[in-house]
Structure formats: C-alpha cells, structure tokens
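Both complexes below contain chain A, partnered by chain B and then by chain C.
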Partner chain A sequence: MDELNPQPEPSIFQRMRKKLVPEGIPEDDRGRIRMVVDSFILHIHPSKVEASTLKWTYTWGLGGLSALLMTILGLTGIILLNNYTPAAPQAYFDILEVNSNVWFGELIRNLHHWSANLLIVVAMLHLIRVFVTGAYRPPRELNWLIGVVMLLLVLGANFTGYLLPWDQLAFWAITVGTSIISYIPLIGNWLSQLILGGPEVGANTLLNFYSMHISFIPLAIFGLMMYHFWRVRKDGGLTRPKSANQIEDGKVERVTTIPNLVHKELIFALAWTSALLLFSMLVPAPLEGIANPALSPNPAKAPWYFMGLQELLLHFHPLVGAIVIPGIVVVGIFLLPFFDLNLTSVGIYFRSQRGRALTLLAAGLALIATPIWVLLDEYILNWAEWLPTWNTLLSNGLIPLVVILLPLILLDEWMTKKYKADIEERVLFIATFIFTAFIVLTLIGIFFRGPGMSLYLPWNMPISH
Partner chain B sequence: MNTKHSFLIESFIGLGSLLLIISALGLYILNEPVRIVQAQDEVLALQLDEAMTLYAENCAVCHGLSGEGMGATPPLNNPALLTMPYEDLYKTIARGRYQTAMPAWSIEDGGALSDYQIDELVTLILHGDWGATGDRVVNLGLAPLIPFTTEADPALLAEIGNLPDGATLQTAVTLFAANCVSCHGADGLGTGIAPALNDPVVREKTAEEITRIITFGNTGTLMAGWSNILTPEEITALVSLVQRWDEVPLGTIPAPDVPIAVTEESLALGSQLYAANCSRCHGPEGQGTPRAPSLNVRSFLTNTNDQAIQQIITSGVPGTAMPTWGDRMTEAEIQAIVGFIRQWEPTAPEVATITRPGGGGPPWRNNNSTMPNVLPNTNSSTTMSGNSAGGQTLMQSLLDWRLLLLLGVLLSIAFTLIYSGWDALRHVPKKAG
Partner chain C sequence: MTEITTSTQNLSRRDFLKIAWAFLGGVAALETAGVFLAYLQPRLAEGEFGSIITAGLVDDFPPNSVTHVPNGRFYVVRIGDGGFLAVYHRCTHLGCTVPWDSTAQKFICPCHNSQFDQNGIVENPPAPRPLDLFALTIENGEIKVDTGNITQRQTYETAQVVYP
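Then we have the complex of A and B:
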C-alpha cells in the first residue's frame, strides 16, 4: 500500500488545522466573517423576528440590559476575586488595597457595585413590563416563573455581595437584613444559625456569603438565564405589541435578525456600557470604616432594596410584616399566570383603556394613602397599647392588616360593580396599588428614617456618628 | 419617522457611545497614577488616624505623650528609628524585647493587637506626626499623669541618713526617684500601670525574690529586668528600700508638678463644661460667689498645681458644698476643666472681687440670652446630648418650605394620576353584562 500510494501522513499541525477550520469556507473575507457572526448570533436569535417587537417603547430593552449587566458583573467579579480574601478582617484590607494599590482596581469595584445595584432596578422593571403587557400568559407561564426565581436570586446575589467589603455599612446592613430570618415560624432560629454560621454576623457569615456569592448563585443564574433565553424562542419570541384602541389586522411583518435586531442590541449595549463606565469613573462605591460589632450605627439600615420590608416591620408584628405580607406578595407573583388567562389583551400596555385608567387611579391612591398610613401609625395609632390584653400578633399584626386591606377590598368591589372590571383589570389595580405602596415605603425607609428609626425630614436628618 | 431614518439615528448614538467609551477610558488611564497616589495618601491618613488612637490607648503610658520616651523607656520620635528596617520595627512591637519593659503585643504572643494594628503603629513611627499624636492622647484623656523622673526632697533625704544603714537608703531613694517613680509612683504608692511597693504585703517578700524580680523582670507584666542598667549593689540597695519603706517618711519622693497638657479642643471642652457645671457657684469668670471661693485669683492659682486642682475636682472637698465630680465626668473632662482654669493665671487679679448673683433684670432683657431657638433649625447639626431625640422630629418642623414643596409635588402627582384615571374611567365604554 505504502509503495502504491506515496502520499505522506498529514503532520500533527495539518490534522489540527483540519479539525479547527471546517470545510467549505467562503473564499472572500466578507463571506467568512458572515459565516462566523451568523452562526454565533443565530444560535441565540431566530433568523427572522417580527418587526413590531423591535420597538424601543415596547420592551425598553430591559431583558437585554439585565443580561448585559450580568455579563459585566461576571467579568468584573472574576477580576475582583483575584484580590480578595474571604476572612475577617483581611477582607476589608483587601478592599482598601483594591482601591489604593491595584491599577484600575477602584474602577472595577465601582463598575461591579453600580452594575449590581442597577441590575436590581432593571430586573424589577423587566418584571413590571412583562406584567403590564400581560406577557406572562400561556404559553409563557414557565418563563415567568424562571424570571421570578432569577429576580430572587439576583436579590440574593446582591445581599450576599453586600457583606463582602466587611465595612460598617456591610456589617450592619446584613445584621439588620438577616435578623428578619429568625421571625420565620418554627425553623427561623435554626435557619438563621445555618445562614449566619453562628448566632450573629461574623467571620463564618462572611465565608458563607462569599461561597454563595461566587459559586451557587451565579451558577444558578447562569443556568436559568440560558433556559430563559431558550424559552423565549420556544414560546414564539416576544409578545407582539398591540394598541388598546385598534383591532388587530392579522398582518405580521417579519424582518431579518441581522442587522435589524443585532444592530439595536449592539447600540443599546454600547450606550449603557458607556453610561455605566462614566458613572463608575465619577461616583465611587461607598466604603466605610472596618466592621465593628461593638459600635452599631444609629440608625442601622438594611440594604436599600429591603428598606420597604424594614419599614413594614416598624408598623406590623414581625411575623406579619416580615413573613406573611412579603410571602403573600411573592406567592401571588408566582401564581399570577395561572389565574389570569385572558389571551386577547396580551401585548397591550395595561390590558385595556379601562385597565390603564384603573392603573393610574391605583398609583395615585397608593401615593397618597401610604404616607398617610405611615404618619397615622407613627404618631396616632397604637394598637398594642389600646388592646393591652391581646396577643401582639393580633393587636399589632392582624388588626392593622385588616384595617388596610378593608378599603382595598371595598375599592375592588366598587370597581367590579360600577365599571364591570374583569379579573385581569382587578389584578392590575391591586398589583399597582401594592407595588406603588411598596416603592413609597422603600423611599420613606431610605430617606425619612433617622436615629432610632423615627421619622425625620431628609434635610433635618441629624448626622450620625 | 421611517425605518432608514431611525436606523441612522441609532447608528449615531452607537458611534457616540463608542467614542465616549474610548475617550473616557483614555482620560482615566492617564489619571490612574495620580489617583493611585491620592488613594494611598488617603489610606495612609486613615491608618495614621487609627494608629494615633492605638498609641494613646496602648503606648503613651510608657513612651510618653508624644513619643518622647519616659525614664528608661526609649523615645519613639527619635529620627534614628526612621532608618530602621520595617521588619525590625514590626518585630519589636509584635514580639517584644527581651529583658526590657517592652512586652509582645501581637495577639499570637498573648498581646492585644492584631497584625494590621501593629502595621499601623509602625506606620505611625515612620510617617506620623508626633505633635498631633500628643493632642490625640490628651483629647482621649489618656495623657500619662506619671512624672518622668523626680528628685527626692533634700531635707527628708538628709533625715534618712540618720537611720541605721542610712547611706544605702539614701542611694536607693535617689535611684528610685530617677528610675522607678515613673511607674511605681511617688513614695512607691503605685500608679495605674504598676503596683505599690510601699506596702506591707511587698515588705514580707524575701530579699531573694525581690532581687530576682528587679534583676530579671517579672514575665507577663511591664516589669523589665534592670540588670543591664543597675549594678548589683544598686539593686541590693533598692531591695532594702522596698523592705524598709515603713521607715522612710512620706513625701521623700514627691510627685513633681507636671502641668496638664492643653489643646484648643480641650480648652473649648473645658470652657463648655465650666459654664455648665462650675460657673453657678464659682462665677462665670471664676471670680467666686458667696456660695464658693474665687478661683480666678493669684493666691489660688500660684499655690495649687494642676494635679491638686484635678484631685479637688475629682474627689470634692468634704464638709463643703464642693461635690465629688469624679463619678460624673471622665478624667479627660476634668483635665479639660483644669486646663481652662489654669489659663486664667497670667491675668488673675491679686484680690478677688466676688460677684453676687442676680440683678440685671429679667432674662429677655439680656442680649446674649440663652433662650432655646424655637424656630426650625435649618442647618442640620447635631444638638447637645440633653435632647435625647437628637435633632428635630418630623412634627417639630412642619412649617418648612422644603416640606411644603415636597407635599405639593407629591399631591400634584397623585391628584393628576387619580384625576386622569377617574376621567378616563368615565369615558371608557362599559362592558356588556
């Protein structure tokens, strides 16, 4: 054989080249780059998308922005990882070192910090967008559930990351934030011990939070993100935007993904990257003195996104304020796609003209009612003192809960009777009311709570030491 | 807007963003070396700040108010230390120095300081400002009250010479005044850092034991071994002093008059505390009232040294209206008052003119009235500790233009939302059924 066919064996390099460079490559440069780009992009996107879903004002690019922020967080996180020891108090000195002794260390840390905080806002807005356009309805129920789980994971990632600088801000925010855990009935104390690695926040907590922050949570988010993207394609792409006044004509205009969608994505990513970069260059991430368990700041506040919860705790029995109310809200969000099945309003912002009107009404009412309730409860209402013989779970938990739920239920009744609002419009009304109230509570918690968690005007806030 | 038009606009936004990223990064890179230096300066300042407090809490008691050293303890403000390698300084603090009073400070060696804190102290030695450190020690009330060294009272020293083996006791008293008094106190009565030696329990110890402690030091305490500073004869003399102290009259080794250190902060604090606590009886200018004697008078200020005034304030004067202040004020606060009183000395009159309280009409006739300001406090500063709430509560400041503006914005947004919602609701065609 060898003598008949003198062709030599291909060398190792030729064999490697043959494996790496596939057959049938176009001859011209243009064709080659097309081949690479197309095969990469068309793995994520379908080859054609509906033209109407490309409208900025429909999706606001919130899902894409979340993915961009996750990417930035992953990259900056890996860089930060190289300069961090998850041990108290070395962690704090490492952060000082990152800021003062590592080239671009502060920029990387700022980028990580601000992206993480922006991600919370953007993920929330993404959820709201999907909710108000009814995009969670069949067949997209599963993707809604995945999205909600990812939002909870993002909150978890931010919360665990909050402790890592090991400064006073981190230490006390986590101390306040985790104190809520022990209010969970039956397993609260055990769970708190498990998460904190001891009776209070300490070196073990730092190690626990670190391992969660760099391994389990990002892995889980990454996996779910892949699934989330894939399901978007499986469920037939984005929902089509519709106008509440027009009846759909049934015509669907489809355009190619390249360049129509990719162009928009690229520009969106560029614009946000430049904005984030600029912000991170100008505004440093906060870093206070080293964590000191003996010196608690007054007031000690949870991370900003939990200030709504902390505000609830000031008004309700802890079981109601920290477990029952947030629990009902989260379960409600999970169950949403299963009792709201009207497919005709998918893609219409706020369902219908009536839905839009009710949303405005709910937001306005909550904007007024929430501060009034906070002031009343702070200065006048005192259920525990008025009903001294009652269990505080009743006097300070259930009674105020009923008192604020009653007007909401009456409003709901009135809408149904007078305006014949259907189930989806009622859900929209209640959800808008609760969400606006939660935002107002969060703002009150962040800006209006001073020493002793009593109410102050932001400009009269005493400087805490 | 047609598709092509918006495509173009988007492209321009993208290009602009790209240029922004490139130029911002370029500027940032150029500035990075400057930023790093600034950040390092900030960390240095932070470390020095913490180190000064550490120094006040741990080191000042032996190394002095501002690192000038004390008795046998070497000074730290010595320029020679700046040439020492970092490792040597770190090791000295962390592991201590054998046969000296310097103990090991590292937590690993049973001390009180973490590696980082020791690092900070080395930083203080190499980069610190000893004047500022001294101010910090005074402001924290940790100024060492102990005199560096003292001299024996000559008359009493001569008297000791008449005792049996008086020459040995004389030598010992002189040595004690020069070396030991800084820690063991005047007349060997002890201080906060070292026990009393003029004590029956100590006198019962054998000469061997006392000799051993003086020669080799007492492990685990600040007591150093003195064998390389004192000769065996001198140590023997000191042992006999410790054993025969009951024969030495009190006052032989007196505490010298060391003025209490004063800073601007301590003067301000002293003035405030004096006005709040002392002026009612001693008069606003210390001129005295029928209730209490004048302080701002030459006869008092020249004859009473700082330690004596501090003693009077701390323990009170039994049988008079002067109460014990030691349990209501910290040492730093009392020292601040002493410093405040002391600064009257240059201008104090020979004879006091005691004022009688009262007169001057009702308080609102007074120009510098101390009436509390009832109007909302616009600059948000902390109030005195008397107001437990600390600042204004929401209810106290309802009449404020910023609050009215906030309420106005909130209400107008809310009413716009409600009105437009309600208005739209009326015009929506009702569903059938």
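Then we have the complex of A and C:
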C-alpha cells in the first residue's frame, strides 16, 4: 500500500491553492514582491521609468486621476443599478428612495455624481496638459486621437446620466441639449427622433439614455482606456524634455517603477479617494422636483459643461452656434498633431519663453475680448433687426461668425508678419485664445445668466423659481 | 478558347471570388445596420400625445384669447376675427415649453428669451421660425386637434387660420 500511495491525497484546499499559485508562494519577501509585480503591476507599467517623468509638477497625475475616477464611477454605478428603474416617473421615486431609505444610498449617489463632474474637469485638464507640453506630437498622434474620443464619450456618459434622476433639472437640461441635434442639416429631425424615441423627451428617451449610459458608453470607454494605457508604453512612455535628467554621457537617469512610481500613485489615489468621500458626505448631489413637461423652469440651463455651448446659442443661429463652431473646434482638436510637428520642444511647458509669453497674451486677450463681445451682442448688435429681410441663418449666423473670426485671422496674420511666428506658435496662440474664450463663455453661462437668460451680476441674481 | 483567355486575364477566378465575398460582406453589414436602425425607431404610444384631442367647444374660446391645453402640448389661439389656430407649445429654438404672458400679450420662452406674438410669429430671436401648428378641425362646434400632424412654417398666412 505504501509503495503505491506514498503521499496522502491533497485536500480540496491544497488543490485549489495549487491551481491559483502553481509554483507556490515564495518564502522570502523579495520573491513574494516579484510575484505580485510580475502578475499585475508590470502589465500596466514598464519595469523602469525615466526619473524626470516622475516629477509631480510635470503631469499633475491627471491621467491617473481620470482612471481612478472611472473606477469609482464603475463601482458606484454598478451598485446604483440595484435601486433604479429606468421608467418615468418611477425613476424619480427610486432616487428619492436611494437618498432617504437605502443604506449609504445618498453617499453612493453623491460619490457617483461628484466623480462624474470632476472627471469632466480632470479629463479636460489632462488634454490641456498634453497640449501645452506638446505631448501629442509624433509618435503619439494616435493616443491623442483616442484620448479625444474618450473625452467625447465621457461627455456622452455625463449627458445620458444627467437625465436618469428624472427631475426638472434633468428633464429640461436634456430637452435643451437634445434640441440642438435637430439643427443638423438633412438628418437632424430624423436623428433627434431616433435618440429621443419620439418627438419630445419622454419615457422612451429615459430608456434609450439608460441603455447607452450603462452599456455602450462604459464598454467603449473601458476598451479605449486599456488601449490608451498600452499605447503610452508602446510610444515610449511619457514625454519629457530632451535635456532632462541627462547624465554626462548622454544617458538618462532611470529608476525602478517599484516603488518609485507605484508608491506615488498609491498615495495620490488614496488622497483623492478620501477627498471625494469627504466631499460626498458634505455636499449632496442636486435633485429638484419631479419632471414636469408642461413647465419649463426659468432659466432652463443645460448641464454646466455645455453652458459655453448654450451661451453660443444665445448669440448665433443654432446651426452655427451648435453645429458649425463646435464642429470646427472638435475637428481642429483632432487634427492638431498632424500640423504641429516640431519635436524639439516636446515636454517643455508652452514650448519656449516666447511661447509662454504668447500663451499669456492669447489668454489675456480672450479674457478681455469675450465679455466685451457678449455685452456688445446682448445690448447693441442686433443683426436680425437691422437686416429684417435676410434669412436668420445669414443675419444671425454667418455675419456674427465673420465678425468674430476676422479679428482672430488678423491677429494671426499680424503675428506671422511682425513676429515671424512659426506654425507651432500660431497653433499655441489660436488654441489658447479659443479655449480661454470657451471657458469665459461657460462661466458667463453658469454664473451671469438669470431668468429669461438675461445677464445679471452673480450677487444681484434674482432667485429663480 | 481565345475569348476565354482574354476574359480570365481581366478578372481571374480568385479575384472574382474575392470581390464577390467583399460585396456579400458589405451587403450583410448594411442589412445588419438597417435592422438595428429599424429596431431603434421611435415607438409611438396610442391615445397619448400624437392622437386627436378634443379641446372644447367653439364658444368656450372668446375672440382674442389664448388657452393652454397641457395634455395636448398646444395652445388654442382664437384671433380677433373669430378664427382658430392650434399652436404647439414647444419653442422652435431648443424645445422649451413656451408660456403665454397675458400682460405682455406674447409667448415668452424662459430658456433663451425667444418671443412670439399671439399667432406664434417670432418677435425676438434666437428662435429661427414661428411656433409650429397642429392640424385643427371644427366638427359640430367642437375643436379637434390632431397632435400627430405638425406643420412647420416660415411666416403667418391667413390660410393657416380655421374659421367655425
């Protein structure tokens, strides 16, 4: 008997352990660390990174923070599903239940809400960081494109999620937001009906948005995120200035990922998670009365990240304000890496001393010009009245568009002629100008627009009803 | 024989099959896209908004009055000479519900301050066109509005008015 069966049969637990860790768990610390390292961290990170890319003030950790927020959103989103019915008006009552009768319900909802809003800001800042350090240049063009697509998807996720509480805020923000679609030439009406599931925002819209919000959009973001991470490695890690960290013989200083990078990431993630938790305990996510299709609140505003767009709509024919201008901007962002090719300044904030000055100049000009233009257009310019026989697409669309584009083109000409600005500096200048103008428009929309969408000073704002 | 050789030089059997497969694959992809689009078409509920709604009797509406019918999403407008219009309450700018301001005698949209006169004609942009109309008929002194029949218009014409 002993010769045939020298050892006892392994127990079920031993067999399970054998399956999970075939080589067994190493006895020494070093071996155990290596095991974890091999199996997880080094799937995402290279084993060594250049010391200069670890500098906190270079990346500000914005990409990592976006990934952390996506994780929080995924987890809180999955758990919120268990207390939500995507039907009108039950959806609203479910949110009330979550807020009042579900253990930790309000905390989870607040965490989901604030993480989603923070993600928009952080993803936007990440894009700006990559832009101002020229990190989208070859060979990183593709990752730039993927990043922009993900930003659009994040906006889509936010927008579809905005409707789900089915309160007045949600209903009218989505009504205003989706009406923009019907201005797309030729297919607008058809597309709007398809997305809304009818002529107006209603029960079908809620179901459509819910389905997009929990299936297609998160799946797409998840897939692209994996690809985005992989491409960072494939394209040679983070960008860094050519001169950074060079030791005498032209070699760069490299440090091991563990612990130099991983510890930083852990501390960063923990700090942000605690901050978000604390914020979500203190500040409740907004929730107004149940959606009432017969009563538009005054003012009815789009979600805050679309307030810049809504501000444009106050000044332009919708085809220009909602389709042409945003279309040009998005296409421009996509094409950036294909006409800004100067590789010498990669990794340097604002390219050079002169670039720094140009950025400041562009931001300053936009900061002054945008409010002046808004005030002019609000109180003095009235093309539709001055040209009553013209089609409003011309009088209220094309003419104001030319009026704002002309100074920008002249400015660009002047820079090229007088200061011999190269393509890189012109891109920096124009992009900074447009971006700053857009931020100013967004702030005006959020803080200076009151009842009837008239301009008010924030401290004189009448209480809306 | 020579004829066959010439034709095979133009398109080999292998190339023909390649093209045929690509073509069939394209057709299949189009079919799939068509099925998905058809599946996602709006589902209209019967008896709800979209059907014919009785707003009331002709005599319920005095001349020069504007009456909101919320479940039909429209206003019954009776103009000074006794004619009727059924005006969709949805702003043509961005879809907000436009309330009637009886003191200003205007429709004033709360979202972007578009203003329309009693007939729904734009007095103040950004609205790009007048408020839409529903088909209105008068049967036996009753006002019936077909909310499934929306007419977009560029101007106000007397032909839009229905007289009892």
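Throughout what follows, the second predicted complex is superposed on the first by the 429 of 465 C-alpha atoms of A that agree within 3 Å, B and C clash if a C-alpha of one lies under 4 Å from a C-alpha of the other, contacts with A are read in each partner's own complex, and residues count from 1 in each chain.
Operating definition for what follows: a residue touches a chain if its C-beta (ideal position, glycine included) is under 8 Å from a C-beta of that chain, and two chains touch if they have at least 3 such contacts.
Note that this is a predicted model, so its numbers are computed, not measured.
Student: Is the arrangement of chain B and chain C around the shared chain A a clash or a fit after superposition?
Tutor: Verdict on chain A: chain B and chain C fit.
Student: Taking the superposition on A as described, I'd like to know which of chain B and chain C A:I444 touches: first, second, both or neither.
Tutor: Neither partner.
Student: With the two structures laid over each other on chain A, which partner does A:S454 touch: chain B (first), chain C (second), both, or neither?
Tutor: both
Student: For A:Y379, decide between first (touching chain B), second (touching chain C), both and neither.
Tutor: It touches chain B, and chain C stays clear.
Student: Quick check on the superposed pair: does A:I267 touch chain B, chain C, both, or neither? Answer first, second, both or neither.
Tutor: A:I267 sits against chain B, while chain C stays out of touch.
Student: With chain A's C-alpha centre as vertex, what's the angle to chain B and chain C, nearest 10 degrees?
Tutor: Placing chain A at the corner, the angle measures out to 50 degrees.
Student: For A:A300, decide between first (touching chain B), second (touching chain C), both and neither.
Tutor: second
Student: Can A:P89 be said to touch chain B (first), chain C (second), both, or neither?
Tutor: A:P89: touches chain B, not chain C.
Student: Counting touched residues of chain A, say whether chain B or chain C comes out ahead.
Tutor: B
Student: Taking the superposition on A as described, I'd like to know which of chain B and chain C A:W103 touches: first, second, both or neither.
Tutor: Touch status of A:W103: first partner only.
Student: I want to verify one number: the closest Cα approach of chain B to chain C after the superposition, in Å.
Tutor: So the smallest C-alpha to C-alpha spacing between these two chains is 8 Å.
Student: Is there a shared patch on chain A that both chain B and chain C touch, and which residues make it up?
Tutor: Touching chain B in the first complex and chain C in the second, residues 451-452, 454 of chain A appear in both lists.
Student: Under the stated contact criterion, what part of chain C meets chain A in this complex?
Tutor: My answer: residues 37, 40-44, 49-50, 68, 70, 73, 89-90, 93-99, 108-113, 125-126, 128, 150.
Student: Write out the stretch or stretches of chain A touching chain B in their complex.
Tutor: Counting only chain A, the residues touching chain B are 89, 93, 96, 99-101, 103-104, 106-107, 263-264, 266-267, 270-271, 273-275, 277-278, 281, 352-354, 356-365, 367-368, 371, 375, 379, 419-420, 422, 448, 450-452, 454-457, 459-463.
Student: Touching chain C in the complex: which residues of chain A?
Tutor: Spelled out, the residues of chain A in touch with chain C are 172, 175-176, 178-180, 193-194, 196-201, 204, 208, 293-300, 310, 313-314, 316-318, 384, 392-393, 396, 451-454.
Student: Give every residue of chain B touching chain A within the complex, in rising order.
Tutor: Residues of chain B touching chain A: 7, 10-11, 13-14, 17-18, 20-21, 24-25, 28, 32, 35-36, 39-40, 42-43, 46, 114, 116, 376-377, 380-383, 389-395, 397, 400, 402-403, 410-411, 413-425, 428, 430-431, 433.
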